[in-house]
Amino acid sequence: MALLEIENLSVNYGAIQAVRNLSLTVEEGEVVTLIGANGAGKTTTLRAVSRLMKPLSGSIRFGGRDITRLPADEAVKLGIAQSPEGRQVLARQSIQDNLELGAYTRSGPSVKADLSEMYERFPRLGERRDQMAGTLSGGEQQMLAIARALMSRPKLLLLDEPSLGLAPIIVREIFGIIRDLNARGTTILLVEQNAKLAMNASHRTYVLEAGQMTFTGDSAQLVNDERVLHAYLGG
Amino acid sequence: MELSQFIQNLMNGLAIGSVYAIFALGYTLVFSILGIINFAHGAVFTLGAYFTYTLVVGQFENNGLLKGVNLFPDGSPFSGQPLTFALATLLGATLAGLVAVLIERLAFRPMRSRGADPLLALVSSLGVALVIVNLIQLLVGAEIYNFPSNAYGDTPPALSFTLGGKIVIIRTVQVIIFAVSLVMLAVLGYVIGRTKIGKALRAVAESPTTASLLGISVDRFILITFFLSGFLGGLAGTLVGTAFGVAGPYFGVVYGLKGLAVIVLGGLGSIPGAVLGGLVIGLAEAFVPSQYSAYKDAVAFALLFVILLVRPQGLLGRSAIQKV
Amino acid sequence: MPYPAQRRFQSPSFALPALSATLALSLSLGAQAQKVETISIGVAVAQTSNTALLGQEQVIGAKFAEKFLNGRGGINGTPFKLVFQDTGGDEAGAINAFQNLITKDRVLGIVGPTLSQQAFASDPIAERAKVPVMGPSNTAKGIPQIGNFIARVSAPVAVVAPNAVRQALKLDPKIKEVAVLYAQNDAFSTSETGTFQQTAKDQGLTVATVQKFQTTDTDFTTQVTAVLNAKVDLVIISGLAADGGNLVKQLRQLGYKGLIIGGNGLNTSNMFPVCQKLCDGVIIAQAYSPAQGSAANQVFVKEYTAQYKKAPPQFAAQAYAGVQVMVEALKVIDRKKKLNTWELDDLRVELNKQILLGKYSTPLGPIAFDKEGEVIQKEFFVAQIKMKDAKTGSFVYLK
Amino acid sequence: MSAVTSPGSVVLEARNMTRRFGGLIAVNDVSFDVREGEIFGLIGPNGAGKTTLFNLMTGLTPPSSGTLTYRGTTVTGLQPNRVAALGLSRTFQNIRLFKGLNALENVKIAQHVRTEAGLWRGVFGAAKAEEARVEARAWELLDLVGMADRAGELAANFSYGDQRKLEIARALATEPRVLLLDEPAAGMNTSEKGQLTGFIRQVRDQFNLTVLVIEHHVPLVMNLCDRVAVLNFGQLIAMGNPAEVQRDPKVIEAYLGGE
Amino acid sequence: MTDFLSTYGFLIVTMLQAGLLGLSLYFPLQAGQLSLASPGFYSLGGYVAAILLTNPAFAGLRDTLGNAMFPLTWLVAAVLAGLLGLLVGVPALRLRGIYLALATIAFVEVLRVISLNLSITGGAIGLFGIPQPFGIVDRWQYVFIFGPLLILTLLFARQMERSRVGRALRAIREDELAADAMGVPPTRYKVLAFVTGAVLAGIVGAMSAPLLSSWNARQGTFDASIAILAFVLIGGSRHTWGPVVGGALLTAVPEVLRFLADWRLVINGLVLVVASLYLPQGIVGALEKLGRPRPPQRPTPVKPAEVRP
């Protein structure tokens, strides 16, 4: 049984159909990438999974359970965490507060342990733990967003454009973290415009266009596929 | 200005300003989360004072449907003065908080779930205020009620001390109000700044979407916010009531209006802003020279108007950056 | 003073009046002269809004009059009925209440409204419809001059206030310096303070400071500090119960030791819960005193106290007097020609005429009216507040 | 407006345009020329500063330094409505139609700078001829984008692709000389994208325009544009004809990410 | 019928008056500006009329002009309200949404306190004994004054909405920035709409002073600001008829509820709550939904031959 199963999902954004009849699955332990141009419906798909948007039709199953109508905060309790587009760190709270809020659904001493683990993994966050999150650089904010999502100990991590607007060195660093997280067993659904990096870091890839899936396959094969290059740079 | 008078004005401004601050905090909390101004907040303030009065005294005058009712009749286990003033104040504020929760459920939530124009919340809350104020009058009449003079125990009515050869006299009740307000602000500051609930509350205020992605139930926190708002409003009502009497069902209206000036001055939605705004307006009013006291009511609003033009986000507010 | 101008404007020079007159005429063709069916008197006072504090006392006074006077035979054996219409606190509300009473409820006369500002708006309506109005608490200058049908039982402030100053001087002849404070958003208080200041000067006193406040104010430290700095021996306050009471309280708490005179707005036991024990000793200018010795008043006070457990306040007494005046005038008319044989319009005119002719023995003492409708009240009172405990006290009649 | 310019002469000159937001330099010392009648592409990854550059060019954001001149007139420093009056008109990345108004109204409004009836003439119905002109032109423009049959529908109810087209029609209603399109293909499906190239060319020819296009979808840019400029981290990293740019290693790295 | 007119005539006039005040707020709202300043200009207009009609300084003018004095008060009120509107509007209109609303409330309050303190405005008592225009004897006859103004205002609003100016205002309401980019200068039109509302409120005030025979500082208050906002929102803020319907109904409700005696204002409050919950588009908005809007008709070219192939 797949961890996440999306069937015939359609989502409207106002009067606009942002996602049409999309079906995809994510198996436990996988990294799956959604790529496609702006407005292709990638972010909408993630927001539907994390329950921020109401689907028009279709179903979303998580761990066998139908979550199509679940409120967003309940989805977190089931084990879905999202690092949203534009990072959305709580700029007016400290880094530590941001991380503690990441563990809002949990309690007990394990939270403290996870916190120090995060500071170990992201030393730059540890150095600045009392700083307001809004004062961090873009890359640091992205790390904070990922770390915050991890604080809920998710079964499925949704990452929306983690490389957006970041310098290449930082992008590389972040993708290192993604590989590392997966190696430790976290299942990841990744939305990314940096196609090459994303495919290198993932097992399978779905290519979206105008709200619909155009093709899919193993990332390792698609990475050299002419069609992807074509989709991005033409020929 | 002589030092003694300066001290007196200062104490005055601080006392009334700290009440403005607690009252305005309730306003601003709701605004920070829902982006609406709850015009019923002044009515909740009034209710708080009446609730406390009811718990302390238990009977009313000759007007209204409740005339002749005695909550604590002689011979019953509650006869005499049943609740200490402090307990009654807390209970009264709690009841006011529950009323605020009720207001959110009945008058705001249905509107939100329909995605209606947030401006309509102004009208809806105005309706709620009208209902509350007139219900109070129906029940207990329009007269002035006052707390027993020993509400704060056997304190002298005024404290006096000499300063540079001049006598400075300060009303005890003002000192108490200031102290209670400070304690309240400290407690609230701790809850909002340090506790998990407070952090979650601020997360909801900053971004409801992000908050829900962290597993925070936004709806529940809206209720908590309304409760806190009502609690603070009700507490402020009781404090003002002890100093000046509960001057009829409309006695919160002035505060409702002043409170608006306070929260905008401090920065809409900003918690420290509400405190600063309250103190600034309280002090500004206290330092209006007596020959211009007729213009005292205009001070808060003139200040507000100017601040809005110079710094629309208020003293401590953040300016929203518009994305193109 | 502005009234002569009114007549000048009535020359019809536009097509509009002609048009409306035609419409009115065509509409009134169907209407017939109406007989008097029930004897009803209208009471239009503020039952809601923040003026209701005053209005609710008037309601009690009027209701008490209805019960009491009907219990004593009503109008020569026929009971009369009071019809209440709420004016709220604003002008439009007063006009609506008046128009409802005049045409829908078809009352013979109206007791109301509560505020002078409202009277300036609503009394012209009654004047136009030729319905007698008895102002129960309108004390501003110019009310009876609104028209022939407008009278009042509430004596203008100019008459009530000076006695208190004279009384204070009697209590303490050494008084030299006075501080005057008044609520500048209250019509009554602003006109009363003028009288107070004039009287003080006439009595050879120096007005050391004049301080303004709002009826909505609760904190008076600024004013009190100014008073204390002026080192006066007398403070004169024109305000209403809540603000006046708070002012007295804060004056005393901050250490003012001298005499305090409260204007007529403070002549209410509503002040007691505010300044509590500190109310003690305040000298009050009264248009009504429960101590007034007439038989009419003593019966009134006895019955009222039995029912409400406290002495009647001035607003209740004045509303009572307003109803009583109308009832007694109706009695006289009824003796000449049975009320139910009158046409409504004629009876209203006759009632107005009779009101102005009569002499009445009311709880306010013996009163009559001059030809403008201004009350001629024989007695005014000065009382000193005596507090029994924190909540209950009384106005002890001086002089 | 009727100034005659020889084909290919420079109409827009951007010189050292820079914009800082706090510590971030969104547009860094960018200079380029745009020639009469050409379709000029502006590409680069997300966050490269393309939209900010458009905002600087149309008066929505004042530059921190640098200038833009249009046929010798300085554009920078003017209010957006003056820029529009000058003949520069744009569409928006996030589509900023007047969503609560119908398609016809959207197009009529944008003729504001080319009409002049004030309050009184409008109220007394003294601007009939002008109104007729506005109305007729609005319908023509709706015809152009194929929406005349949906003129009464609210803009919010159109699909992404149609909203983009309606926004182009609205921009054309200001009678521009230079049209700036911000991601016109975003959200369009394959067949809509296919038609877009032809449509933009047709518009350019029909209205004698110079066109600047920001586009994420690189294949479309390659087909459409005469010249392409590439931005990355606020800086101009390449400029030239599409084929050159496409082969530029810096561009490939900017897009697909280096390893 | 006469009974009806004398009982409810005044109410009907105040219903028209409320509709007009609603419209005065509706004009700036058309440009997306939530201004609650109307009571301030209304109050100013009333004072202008009351002073011109009662102050001895103008006695000579009154004698010379006779009934023409009344239109003069309207004109003076309109001009002064317009000027004050310009003075307040130009700086205030940089604010948006709730901030503008609060700034305008502040303006109303400051104006109220000032009028309470001046001697020319009669202090707390205000001005009274204001003469009646055109030989009016009954209050319902004010229908002939407020009625035409309402009709003219509605016509004005309709014509404006159909004009270039109306389109510019709507564009600013929908998206100020996009409007600016499409060539509509926002500041100019926002000020225009604000001043239009101010002028209207000023005229209504000048007409209302004789209606009430008196005028005082309580005519322009914060309460009135919110009440007028309620007129517009409950009536429907997207349609010219909205403020008129809302103003008329909300003014009538407490009067119609008189039979409820003490409960009437409680019920009045409930009406406001329920209306805002169930009529989010306002009454007119809800009615509009019932009917289908007519699609715009393409003007038929005069000579079909001229159409290009």
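Read from first to last, the chains carry the letters A, B, C, D and E; within each, the first residue is number 1.
Note that in this section contacts are C-beta pairs under 8 Å (C-beta built on N, C-alpha and C of every residue); 3 or more make two chains touch, one makes a residue touch a chain.
Since the structure is predicted, the reported quantities are computational estimates derived from the model, not experimental observations.
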Labels of chains that are neighbours to subunit B and to subunit D: A, E
Identity of the chain that, by mean CA position, is farthest from subunit E: A
Subunit A-subunit D separation of Cα centroids, rounded to whole Å: 33
Centre-of-Cα separation between subunit D and subunit C, whole angstrom: 73
Subunit A and subunit E, separation of their C-alpha mean positions in angstrom: 52
Computed distance of Cα centres, subunit C from subunit B, in Å: 35
Subunit D residues counted as touching two or more neighbouring chains: 60, 92
Of all residues in subunit B, the ones touching two or more other chains: 134, 294, 297, 324
Interface hub residues of subunit E, defined as touching at least two other chains: 116-117, 177, 262, 265
Subunit B residues within the subunit A interface of the complex: 196, 199-200, 202-203, 206-207, 209-218
Complex interface listing, subunit D residues touching subunit E: 58-60, 79-81, 83-85, 89-90, 92, 96-102, 104-105, 108-110, 112-115, 117-119, 121-125, 127, 130-132, 134-136, 139, 148, 151-152, 170-171, 173-174
Residues of subunit C defined as touching subunit B within the complex: 48-50, 52-53, 55-56, 60, 184, 209, 211-214, 216-219, 221-223, 225-226, 229, 241-242, 245-246, 250, 252-255, 270, 273-274, 276-278, 308-310, 390
Parts of subunit E lying in touch with subunit C, wherever the complex brings them together: 1-3, 5-11, 14, 53-54, 56, 59, 62-63, 66-67, 69, 116-117, 123-126, 128-139, 141, 144-145, 212-214, 216-219, 254-255, 258, 261-262, 264-265
Subunit C partner contacts - residues on subunit B that touch it in the complex: 5, 8-9, 12, 16, 62-63, 134, 137, 141-146, 148-149, 157-158, 160, 167, 169, 171, 240, 243-245, 247-250, 253-254, 286, 288, 290, 293-294, 296-297
